[in-house]
Amino acid sequence: MAPAIHFRSVVALVDGYPVLAGVDLDVAPREIVALNGANGAGKTSLLRACAGLLAVSAGRAEVLGTDLYGDVRALRRRIGLLGHSAGLYDDLTVEDNLRFAIRAGAGRPDRVGAALDRLGLSGRLRTVAVSRLSAGQRRRAAIAVIVARDPELWLLDEPHAGLDAEHRDRLDGIIADAVGRGATVVFASHEAERSRALATRTVTVAGGAVVDGVLPARPGPPTSEAGDGAVAPAATPGAPFPEPSARHAAHVA
Amino acid sequence: MWRDAVLVAGKDLRVEARSRVTTNQVAPYALLVLLLFGFAFDQDHRLLVQAAPGLFWVAVLFCALLAIARSFAVEAADGARDGLRMSGLDPAGIFLGKAAAVAVELAALEVLLGAGIVVLFGSDLRDYGLLVATAVAATIGLAASGTVYGIMSAGLRVRETLLPLLMLPVLAPVLLAATQAWRAALGLSSDDGWQWIGLLATFATIYTSLGVLGFGALLEGA
Amino acid sequence: MTTTSTGATSTGAPSTGAPSTGAKPAGAGRSGGSRPGTGNRTTRVVGVAALITSAVTAYVGLVVSPPDVTQGVLVRLIYVHPAAATLCYVGFGGCALASLAYLWPRTRSPRWDRLAGASAEVGVVFCVLTLVTGSIWGRASWGVWWTWDARLTLTALLLALFLGYMALRRTGEGESRALRCAIAAVCFSVVVPIDHYATSWWRTLHQGNTLLGANVKIHGWQLTGMLLSFVAYGLIFAWLLIHRYRVEQLEDRYETVGFSAAIAARRAEGGG
């Protein structure tokens, strides 16, 4: 079965700084993968790279069968990204935001109501401008957008942050349902307990690379690069990295 | 593309309707600018009538800067730009939608400012055909070029000062042409106003095409 | 050496004082050496040629050619202004063409981006020179610092546009900056014909003073001097362009050399 995410020695630069410094990662469909790691390790960058928002400069990167060096716009419609910020328009109501997101993605408008219910946003909160919501409610609204769009791949950056206990449990339920329907979920989290309970696999990210848990539970043939297998010493540059000139060769304009 | 444009334009105008920035802030600002011109020209009535077309378009230009800045500030808040990229909307459609929304706002402001120069400067409006044609062509040009430069500076830290620096030299010919056309319309010069409209139309067409072609690439880089 | 080069430009116009920056003596005097500089054989040859032709132009312009019947000594500006103006347009045009080459997917390469940036900067230098000499001319002829001459106004507008371009170049780095700047340069250039028509139509409404009007007949030594000035300034332009281009090239090289080190440092963060 084709992996949902397939990264080999992926390097991504932001203003010349390598936020991803040689990432190897395989995610099979219907997995729930938790990304673990310290602040600044590269978890957010990894999620953004999978969403096609962070340009990949070197290495092999395929998400949902699409090569990240090519046109990623069609791919993005199949992905739901929950970032640190909610990505909502402050002046519009929750319902307006959802309707806009659904119609933009050519989705089904009837899903709006169900999504709002699921996140406890029906009733009064439905018609409140986003700027008036609390941080937790804003998070729930952002999650509702993803629920309504029902993508194949869910990329969630610290989804539980700011939510109360009830909604954390609800979110876990939502994730389980989504996977049951065939989606794949990758989320970054600092909450060890909850991630371990929710996830089918935990991946550790450090220094812009994956240092633990590269492959799914049934590993394929071992790779020879640094960063595969159980615990790799984090500080070795290891295999030579593709030269920057590869960036121009590999990057199809 | 057109469906996306309508969707985005609708969204922008709805944001405007809810937040009322244009009506509560930009419109008073526009009238204030006219008032200040009055002070600067020392109430010299003849001079004001002569200068009215130019002053009108300068005021419109300032409003355009604000409208464009606001259009992209809406996207900058809280990661909305990422949302726009992830939404799967056609970038050309996003461009047309945002430009259209700005054009609508500017049109409303122009009507207001037109009333302003009649009242404050004593302008005598006639030859409405030429006036309106000029305004339409100029407004489209302002909105299209503003949206192009707006997305260019959208992600940058220095965007508040960079945007005027980029836009004003670019919009100078629009100011020139629109002023001359209006002067002809108001009988202040013996020029044929319609040749200027050709210039404005060319400008608008060029920037609309550039926007449709280039907005996608610029959005990715923002 | 430095004094000769600044003296080679006439009538005190300041901006081609660029030859007096440190790079020139380093390029001319030192051999290759271990320290990477922006000089190489080409720049030295061009530089020397530029010096010589500038000196000859100065001589012809200031000493040999006679003052004009109508304009007097002022006509000597003809050895600076037209050449500066032409090269200014060459610089901006070059920037636009290089930007187009960068945008075209098949020819996309950082080389075009560097060329665009360098070309724009050198163009700005010559643009300022054009405006200053134009202003001086106007002042001396008609007593006003700025005549709203169509061409001069257009040049001023171009300067404003490309100052904006240079501000854009200072934001961020790498591919996104290159793309942004390339699109901006194309946008600006596409608008230039419109600007041209706008300003010239505008001026025909107000029959004003024009610089270098049709009544200036150029012949003999004046013609020679003017042609020489084109050559001399063209060489100076080339020299500045090559140096500026190589500065950017070195900057890029510095970044990529640090690449592996940066990767290593990044991964080390995980261990520490």
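To keep things simple, chains are lettered A, B and C as they appear, and every chain counts its residues starting from 1.
The rule is simple: a residue touches a chain if its C-beta (ideal position, glycine included) is under 8 Å from a C-beta of that chain, and two chains touch if they have at least 3 such contacts.
None of the values given here were measured: they were computed from a predicted structure.
Visitor: Need the central chain here, defined by C-alpha centroid distance to the all-chain C-alpha centroid.
Guide: It is chain B that sits nearest the middle.
Visitor: Average the CA atoms of each chain to get its centre, and name the chain whose centre is farthest from that of chain C.
Guide: A
Visitor: What's the distance between the Cα centroids of chain B and chain C, rounded to whole Å?
Guide: Spacing between the chain centres: roughly 33 Å.
Visitor: Could you state the distance in Å from the CA-based centre of chain A to that of chain B?
Guide: 39
Visitor: Using mean C-alpha positions as chain centres, tell me how far chain A is from chain C in Å, no decimals.
Guide: Averaging C-alpha atoms per chain gives centres 48 Å apart.
Visitor: Could you list which residues of chain B touch at least two other chains?
Guide: 220, in rising order.
Visitor: Using the touch definition from the top, which residues of chain A touch two or more other chains?
Guide: Residues 55.
Visitor: Scan chain C for residues touching two or more other chains and write them down.
Guide: In chain C, the residues touching two or more other chains are 172, 175.
Visitor: Using the touch definition up top, name the residues of chain C that touch chain B in the complex.
Guide: Against chain B, chain C makes touches at 157, 160-161, 163-164, 167-168, 171-172, 175-177, 179-180, 183-184, 186-188, 190-191, 194-195, 197-199, 201-202, 205.
Visitor: Show me the residue ranges of chain A that touch chain B in the complex, using the header's touch definition.
Guide: Touch residues, chain A against chain B: 51, 53, 55, 73-74, 76-77, 79, 81, 83-92, 96, 100-101, 103-106, 129.
Visitor: Which part of chain A faces chain C closely enough to touch in the complex?
Guide: Contact set of chain A toward chain C: 11, 13, 15-19, 21-22, 37-38, 40-41, 55, 205-209, 211, 233-237, 240-241, 243-245, 248, 253.
Visitor: Considering the complex alone, what residue numbers of chain C touch chain A?
Guide: Residue positions touching the partner: 105, 108-110, 172-175, 255-256, 259-260, 262-264, 266-272.
Visitor: Within the complex, which stretch of chain B touches chain C?
Guide: 145, 148-149, 152-153, 156-158, 162, 165-166, 168-170, 172-173, 176-177, 180, 189, 191, 195-196, 199, 202-203, 206-207, 210, 214, 217-218, 220-221
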